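Got some structures for you, see below.
Across the two complexes that follow, chain A remains constant while its partner is chain B and subsequently chain C.
Then we have the complex of A and B:
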């Protein structure tokens, strides 16, 4: 283990980690929006759209991100759809994440008993008020563990974006192994940077889960 | 342009693609089998009350879960080979990594299904005069299996999707074969990439969809209400 190699490579890995984080964060926000939309379509049972959403969820959940990215990056340009690497990575991550987020939101909404809404309305609340103060907090508390698990899952999934020529952490590490043969140093940095990215999120998720639960059930 | 789809049916192209798919499915099935065998006892160990045992299990589980599977693959494929002076094939490294990952996931499922069984199930069965062994055999085990089986089936689809990563450590599987077919026919079939990668996408779907469907059916059927 050569520590001078490690210290001199840290800036390169830092930059790569920022790329991983940027793609992850944009992808996760977009996934959450797509997921919310899909969950709404399914909860309100909107005809036609509901079937489309169901097909999308099955396609997205039953194929690997790697294959989705190959199709987006190498396949689609053949019909004139050319996207820059980063757009491809974010679209791919959103295509994958949207369905996972949709399932999480839906399980939250489904778990709130209809009596809750009826009682709130009977107490004189308007539907939006009931949604905001009665339905949403309960649904979110149920969905929270699945949502945070999805956040971690999606950041981990970004590890394959090097196949669309993005210099993320894996790309940088592979480069260092290939050109300098600093295998152990590169892998140590790779592991350390992923821990740095994901450990705080994992701990934060545990904390959020406990907090949301105690808010919802008052225990 | 749609004529480029016919490339799939030329020569042995479709057969080669299916052969490539079989490589990653085979890696997934072997790793899954090993994960079940190792994960069952690991899950039981995880329910231990011993603090040190608990801590060690927790560290293993968290590390394996936090690291992207690709990083774990790199660790074994590049580092273990260099440090230990081994010459592992990509397939073998993949089976090792996915077994390490699968055992952690499987162990956690087993732990979850054991701890989710309410204590009163055990106590009621005892009160009815069953021996502890009979309680395990006729009450606890069936309850645990009903919860565990759908989740295990679901883990299998995750395993199959994850094994697509092996192309990145040089294993020739379906994506690599697809690449070879596209490159070899670059001039006759310029838009082959669209169709061939499209076919790979649907091949994965055809393999994984029935398994996830089965998992959902089992879960719905055995839900403890």
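Then we have the complex of A and C:
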């Protein structure tokens, strides 16, 4: 193990980690929005949209992110749609994450008793208002563990974005191994940086989960 | 005097199983009147309340509130529901909000009320029902009776003209029934118009101006409480009331044999 190689490589990995984090954060926020929307469509059984969402969820959950990225990066240009690598990565991650988030939100919504909606409607709220102020907060608290698991899952999934030529952590490590044969150093740095990214997120997620749950139901 | 709430030939059928829940119900409720609806389980009394504020759709008849017909297809239920408040059997407080949050949500998101004013009114109402010190408790920290009192106040916050109370003491432990009924009695004394479905016969007798007895989706008998409970006109009401009378079971003599 050559420690000088490691210390001199740290800035390159740092930059790659920031890219991983950026794709991850934007992708996760977009996934959560897509997921919330899909869950609302399914929960309220909105015709037509509901079927579209069902197809999307099956398509998204049953194809690997790697294949989805190939499709976006190499397939779409054939029909004249050319997106930069980073856009492909974010769209791909959102396409994957949206369905996972949808399922998490839906399980949360399903466990809020329907009479809670009636109780909100009986006060004169519209359904969207009731959704926003009464159903979603409760569903969110119930879904918190599944949602935070998704966040960590999606950040780990970003490790395949190097296939669309993005210099993320995996890409940088492969480069280092391929050009300098610093295999051990590269792998050590790779593991260390992923842990550096994910451990705080994981701990933060645990904390948030406890806080949300105790706020809502005090268990 | 005109009726505040008027039902004419209201019909309701559940679409999925074809069961007729309401079979031509007619009922007029005057302002400040307290009407107790009683009857066996499944007679349609809860459904009747839920049709009045549009939680269930009716298939025939009309429902009038003041001068407005509220049961046609163009009904703005959001407006009607502010005029007709409903309290549920299981309180249905919002578990993620504290007591004050529960009370202020309706005024805030439905009526866009002034926050300071609404808070002041909420505190006054809480004081009145004896929960002045629980404004910042979460629903799970309250007893059933306390939750139901908060639920009543939450409905009152919208300044309804009519209150629908759907078996509001049915889920309570017996020792908590009283504190909730006291609140209802006080509202009645203040002149609140109320339609209540209940199994508390003594309470119905004490508080109601009129008792409505329903069976199989129809109103069988309407009467003054004293007259109804002492000598009901219909045989079905008589039989129903008898189910609340307990007689010591006949004990066979131990030595007999």
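What we mean here is this: the second predicted complex is superposed on the first by the 198 of 219 C-alpha atoms of A that agree within 3 Å, B and C clash if a C-alpha of one lies under 4 Å from a C-alpha of the other, contacts with A are read in each partner's own complex, and residues count from 1 in each chain.
FYI, a contact is a pair of C-beta atoms (placed from the backbone, for glycine too) under 8 Å apart; a residue touches a chain by one contact, two chains touch by 3 or more.
Note that the structure is predicted; figures quoted are calculated from it, not measured.
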Which partner does A:8 reach: the first (chain B), the second (chain C), both, or neither?
neither
After lining up the shared chain so the two structures overlap, which partner does A:111 touch, if you call chain B first and chain C second: first, second, both or neither?
neither
Looking only at chain A, is it chain B or chain C that touches more of its residues?
B
Between chain B (first) and chain C (second), which does A:59 come into contact with in this model arrangement: first, second, both, or neither?
first
Within the complex, which stretch of chain B touches chain A?
1, 62, 65-71, 74-75, 78-79, 82-83, 157, 161-162, 164-165, 167-168, 175, 178, 182, 190-198, 200-201, 204-205, 208-209, 212
Of chain A, residues touching chain B in the complex
58-59, 61-64, 66-68, 70-71, 74-79, 152, 156-157, 159-160, 163, 170, 173-174, 177, 183-184, 187, 190-191, 194-195, 198-199, 202
Considering only the defined contacts, which chain C positions touch chain A in the complex?
53, 55, 77-79, 81-82, 85-86, 88, 90, 92, 94-96, 105-106, 109-111, 138, 140-141, 154-155, 158
Under the stated contact criterion, what part of chain A meets chain C in this complex?
115-116, 118-126, 129, 133-134, 137-138, 141, 215-218
